[in-house]
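Okay, so chain A shows up in both of these, paired with chain B first and chain C after.
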Partner chain A sequence: MSELPPIPPPEQRPLPPVPGAAGQRRIVLPPHRQRARRPRSVRAREWVRKNLFNSPGGTLLTIVAGAIMAAIVFGLIVFVFFSANWEVITHNRWLLFAGGFPHEEAWRLWVSIAVVFALIGAAYGTWSSFGRRDHLFVLLVGGFVIFLMAHGGAAIWSTIYFLIAIGCMYLGYALTIWMPRETSTLRTVQQRIVGGLLAISLPIVLVILLVGGEVGPRHLDGFVLNLILAPVGIVGGIVIGIPLALGRASRLRTISLTCTAYIEIVRGAPLLGWLFVALFILDDIIGGDLIIRAMVVMAVFTGAYMAEYIRGALQALPRGQYEAAQAVGLNQTQSTRLIIMPQALRISIPPMVGQAISIWKDTTLVTVILPLRELKGNADSAIAQFEFTPDRIEAYVFVAVIFWIVAFAMSRISQRVERAQGIGER
Partner chain B sequence: MSTQAPASPPSAGGGLPPDGGVPLIYRRGFRRLVQQGIYVAVTALVAWYVYDSLNLREFGFGFLDDPAAFKVGNQWLTDVDGVTSSRIEMYLVGVWSTLRVVFVAILLSTLVGVIVGVSRLSSNWLVARLAMLYVEIFRNTPLLVQVVLVYAIFLVGAPIIQEVLNIGDFAFVSNRGVAIPWPVPDGGWWGAPDWFVGVWVALLIAFGAFAMSVRAKRQDRERETGQPQFANRWAFGIFAVAALVTFVALGLPVSIDRPFVEGTRYLEGMVIRPEFAALTIGLTLYTGAFNAEIVRGSIQALPRGQSEAANAIGLSGYQRLTLVILPQALRQMIPSITNQYLNVNKNSSLAYAVLYDDLFRVAGIIQNKAGHALEMFFVIIVTYMLISLVISIVMNFINSRVTRVGV
Partner chain C sequence: MRLPSLKGRRLVSALLFAGAALVAGAVIGACTSDEEDQQAQATDQQQQVMQQQDQPQPRAQASGEPRGDTIQLVMDRGTLKCGVKQTQPLFGFRDDQGNVTGFDIEFCKAIAAAVLKDADAVEYVDASDASTRFELLADGQIDILIRTTTITSSRDMELDVDFAQTTFYTGQGFAVRKDSGINSTSDMANAAICVQTGTTTEQNVADHFTDIGLDYEPTGGLSQDVAAAFFEGRCDVLTADASDLASRIVVRDDADDYKILPQIISKEPLAPGVRDYDSDWKDVVNWVVHGLLRAEEIGITQANVAAMAANPPNTEVARLLGVPFGDGEVAALGFDVVDAQFIQRAIAAVGNYGEIYDREIGNAIPRDCTLNALARPLPAEAVDCGPGEGGIMYALPYR
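What follows is the complex of A and B.
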């Protein structure tokens, strides 16, 4: 592998400022140059002319694009409301959602969801706030889920539990949004508590899901498996990635050589290849449940990529930061922990979120060669049932929509974080 | 550790204080030695543990020479039956299948990326929205799902072979794949052997090089004199005339092979199988969305003055794009695009999901038959790294051409 500098995925790069965006001052003209605002109809006509019919070529483009758009919309409406047989989804709700997770232990799932939702709400309340779009998103997604659960043999209790979970999110939000935002001891304590809870949310969820009772890792199945694998990969990847990045940047030859070798070898093979290792080779080395091995592979794989992003951030830090840390008398460990790492991690948030979304999508790969069944795998099981064999397209479209919702939410939340942190601005 | 350090000679040419008097444990060299020693020891311990837990008594690559005893589909230009051929031959057939997918997907995804990326910045609201819709949909859904969805649409949507969709006896569409006409070597007027077509290809390459040199010369003259020299038209004309003349002179060494359906099979022509199509289309759509964002980002990173200057000297929208904007944006986008190409290479392993016999799937079959998972993994990773290396080398070469400053 040649050594390419890690490039942040383009979606994470800061976009140039949009003219007229919030934060820009409006120019106020002197009275003699002010004009009355033209009526809405005139402005609308002008907008249409400027943005749709600005030239003969532009008109042609508009017609072609409009035709394509109309065809897509028409096709979608026909497919979704008339030709598709969504029974393959509604009939297999539980299979798709949790698969082999025992029914009598379902409360664990609901409690985990409520906890995570509450934490998300608290995080929003602490560092941001719900805008109209966020409410709309919750409404749409919640409506979608409830529609699924109410359609074809209503699952009343699940609907109620889901509503309670949404309620928990707003409760967490309400508890935190009223706190004063000014810097104060209270604010610091609040941030520490919410941040700490977020940091340990994954272990909390794993404990709720797996400790005690009849459940074990092998019961993680369906969409729940995606929801567990991805955070394990992301958190594990960061935990592995930080020392790897530092190691690769180390002055000690043996350390930097081995870390470089690790990163390049892991990045050299596709994730499927590493899952192949999890299936056939890791068994002899660490043993354990296949799901655990898959988690280890996810973390090890993500770690190499995260390390590259963090290394890029380390290199992007001005030399002065290192020198200043030395100048105030910090030793190596202190300067890394207090000066270098916080800044490097902050810089590398955008590409790391890109990697997180990528890992989220890649959780589907465990289905391909491992005998594990996540959402896509259970969709395969659903269409393997005799009465649903013609409904392949419906099943996969549903899976795609579910993945899209979460990935889209992740990218939007990361944009929020970036703006709050002022990343990409000077 | 209270041993007094032995006085060592002061370092020859540095501003560092001499070591004398500094206790051993505070000396930088000593500390590094100890740190690395500990590190090496721990690493060696882990490595030894891994080595020990792997059962390496039967390690070796001899099993690759044994007869394969399985079939691989989706062969093109190869005809390996799996009975007489060895496993390594089957694996190489798989590598060839991977290379085809990667090559086509890279080309198409670049095309999609440029078109969509430029469309996203279009002043036409509808076009920009359409492009954004495409990017947001395909970037945020798993590639695996896209591939199997395309495959499912093909299997469910396309007619069965008995009701094949016949496009003017020219191309055929069914759920066995798409059959299209394809050029094949032909004896032509003189009944020459198949290799004779190579002569024509060689001549084409020679005339292509000649046309390029004419183009470069005319471009130079245009730059010096300011008179239009129509370099592209000349180059294209020379090439077209030469191709036609040699084609006739050699007695039409290539003929177009039209496909037809016999029973439940396609015969002749080129058959694009659903597996290949699904994988390639999936890779193209997915990577195209990322490429589009790269193209958009690189164009937006250009100073606004560039497009304003292009407007000022009166270039049309198309000229502005192809002569001013894209050549400059290219410099910025090549490193990111290279990364995407490397991803295409690795993502082609998703062939496994649609049972396209790429290298990964063939390796999986071999492992299934013969065991030796570790060796097979070793072979897989080396192959992927080699392909990645080739892509990197090619892209670095293009990068050096593009970033070379000059007119």
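What follows is the complex of A and C.
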């Protein structure tokens, strides 16, 4: 309270601004509504009084809530900067990041990261733009990563590679942002190129990571495993989900029954159970590497959910859309491809992103059920190192923060997509 | 997908069914022929490698049928699939570079060196989850389970697991705060006890408190969680293997505030597990462990094993290392499945038992005068024991 600036005497208050020069139209409010023009300190003080100390009860609530918040913030600061031993993280950053991935093949990781970052930048440049908050997010996350790499034995080359990856993101952004947004052939070509690259980005990354050399799927480990499993689950789920949704809505009973049975059976059992199937049953049916089986199960499981979201969107479309498509002479395939699916996919983006974030967090289940080690599993291994056994809170807080960062980025990007696609507007 | 007529729809349905059936048939066919190919290949290789052995037994699915082929599987594959824990301090964890390491892992390496002549030919399969470890073994996803697993009669008799020579003896103990005033379990009436659920630990403590007629309040969870709960003061007593308690306390800054009660309420012999009905494989595992122990008893180390093999000081060293003594022949140890020098390779790869202990556990769990020390030479002469003595680690004779 005492730190609030004093109210300036009335005569020092600035006069209402005059209308702008050069014929610009500016709205001048009548004097009784010119509160926004008063100095910031006055407005702040008024806001505080009105919102925090408007009555004895309000004052009490403010003080109690403020005390609790201050205690939490104080506790957090003490934990983060004084009591926590972050060496468990900085010392084990390779274990947490890539675990058993061969060191001599680490370039594959960096190239993949650079490719993904460049594509994200290009996508932003094509359909959206970086705002101040996006730069802040990149700055904070980048600073966080570089901080990790600078402590506990500085990893100079990794830092440089990471900065190059960030640079690739801004390069991709710079290459795409200058294109005028008006509809033109060039713009269409640009959208097609970036969209196509995005569509095949996952296979590209998998090829970079796994083809040739000494690496195989079984080397996917740590955070890298989460980062591969979740997109495979999400993209595979959409690829499986679209035909399932169309199939379930089909008038052919065989098809619709088959698709319904698939959806109901897969959705009726928890992912945990399906991972057991991957471990003990798929082993004898399709064989192959356990990680591949886990990917298949993730995609199959997500597919059932995605199908239901898309089916919901299909049913939400007004019948007029179908009829209009028929009226202009489109056949079934054309109307599905050109009229129905684009709208249905747009409508189903919010629930699909929800499912994507859910499957992102569910990637930790592979450590619980399968003999695979992702980020949380490797954090468990890090705190099993003799000198770090007391530091489990630090390890789990770090894992939580990492999961939050990725989930938050997914959420933000999906909001951008929604805005760019005009969802919620009709 | 609107189709013009009912007839058309039926046609599509029929076609779909036919297609599905075809695909299914093709898949099943492909799988079967693959298996046959693999079996044929395995047979060829086996006949080349093992002339003296009979036709290979097909891998039986149900236990109860003979199937002594793990060693052949391992040799054909060229790697050992070792099921290990990756979250147990000292015994099985991962270092900062992602390498699996620890006391148990040394035995995986020793066995790989003995069988495959390459200590690095090991594929570590994560068996950290206590509830699926035996299924992984029974299902054939691992060749051997080395992850702080206690031998118990029910596991041995009911599950598809057979235990080899114990690598580490421990027992269940209790840790308390020094100022708690608890000196034995009889002081623990209504105490909150942190105990890992789903393990022998939980059953032991329940049995013990039934026996002494006291009530207690169990607080369950995973092993690292119950330890943390204890150190955060959420329970009065932590019970676990005494070695685990010691290793979790000694690393703390406030280690002096805690003590481990001298009372031990159970036997926990930790041993490698292999599948039932697999004598050859169990023999190899067994005798690698015994060989590492015998090497410690007679002073063969990682450093001197090469010199000892080149110039064995006596017949026993020569026999253990599989080299001729003087002008004699190589004394056959009677193994059909591995060559005579398998112990020599294991020692060269990881050292003898004592060296493994010192390297992986060292002072975190003192060894002298514990069960894991070497047994006193017979007959017992002294009442008190010297360094490295006083235990029950007793290698069986090589002859």
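Simple rule for what comes next: the second predicted complex is superposed on the first by the 390 of 426 C-alpha atoms of A that agree within 3 Å, B and C clash if a C-alpha of one lies under 4 Å from a C-alpha of the other, contacts with A are read in each partner's own complex, and residues count from 1 in each chain.
Quick note on the criterion: a contact is a pair of C-beta atoms (placed from the backbone, for glycine too) under 8 Å apart; a residue touches a chain by one contact, two chains touch by 3 or more.
Small disclaimer: the values here were computed from a predicted structure and weren't measured.
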Judging by the criteria at the top, classify the pair chain B and chain C on chain A as clash or fit.
clash
For the overlaid complexes, name the partner, chain B or chain C, with more touching residues on chain A.
B
Does chain B (first) or chain C (second) touch A:Ala407, or do both, or does neither?
first
Per the contact definition in the header, classify A:Pro371: touching chain B only (first), chain C only (second), both, or neither.
second
After superposition on the shared chain, which partner residues are touched by A:Gly66: those of chain B (first), chain C (second), both, or neither?
first
Identify the partner contact of A:Pro390: answer first if only chain B is touched, second if only chain C is, both if each is, neither if none is.
both
Determine, under the contact definition given at the top, whether A:Ala98 touches first (chain B), second (chain C), both, or neither.
second
Touch check for A:Pro270: first (chain B), second (chain C), both, or neither?
first
With both complexes overlaid on chain A, does A:Leu317 touch chain B (first), chain C (second), both or neither?
neither
For A:Val138, decide between first (touching chain B), second (touching chain C), both and neither.
neither
So, A:Leu252: does it touch chain B (first), chain C (second), both, or neither?
both
Doubly contacted residues of chain A, that is, touched by chain B and again by chain C
251-255, 280, 285, 367-369, 390, 392-393
Taking the complex as given, what residues does chain A use to touch chain B?
1-2, 4-5, 7, 9-11, 13, 15-16, 50-52, 54, 57-58, 61-62, 65-66, 68-69, 251-255, 258, 265, 268-273, 276-277, 280-281, 284-285, 357, 361-362, 364-365, 367-369, 376, 390, 392-393, 396-397, 399-400, 403-404, 407-408, 411
Would you pull the chain C residues touching chain A in the complex into a rising list?
1-3, 9, 12-13, 16-17, 31, 83, 86-90, 92-100, 123, 125-129, 132, 135-136, 139, 141, 224, 227-228, 231, 247-248, 251-253, 364
The residues of chain B that touch chain A in their complex are 32, 35-36, 39-40, 43, 49-50, 53-55, 122-127, 129-130, 136-137, 139-146, 148-149, 152-153, 155-157, 290, 293-294, 296-297, 300, 317, 335-336, 338-339, 346-347, 349-350, 352-353, 360, 364, 367, 373-374, 377, 380-381, 384-385, 388-389, 392-393, 396
Chain A residues touching chain C in their complex are 91-95, 98-101, 103, 218, 221-222, 246, 250-255, 279-280, 283, 285, 332, 367-369, 371-373, 377-378, 380-387, 389-390, 392-393
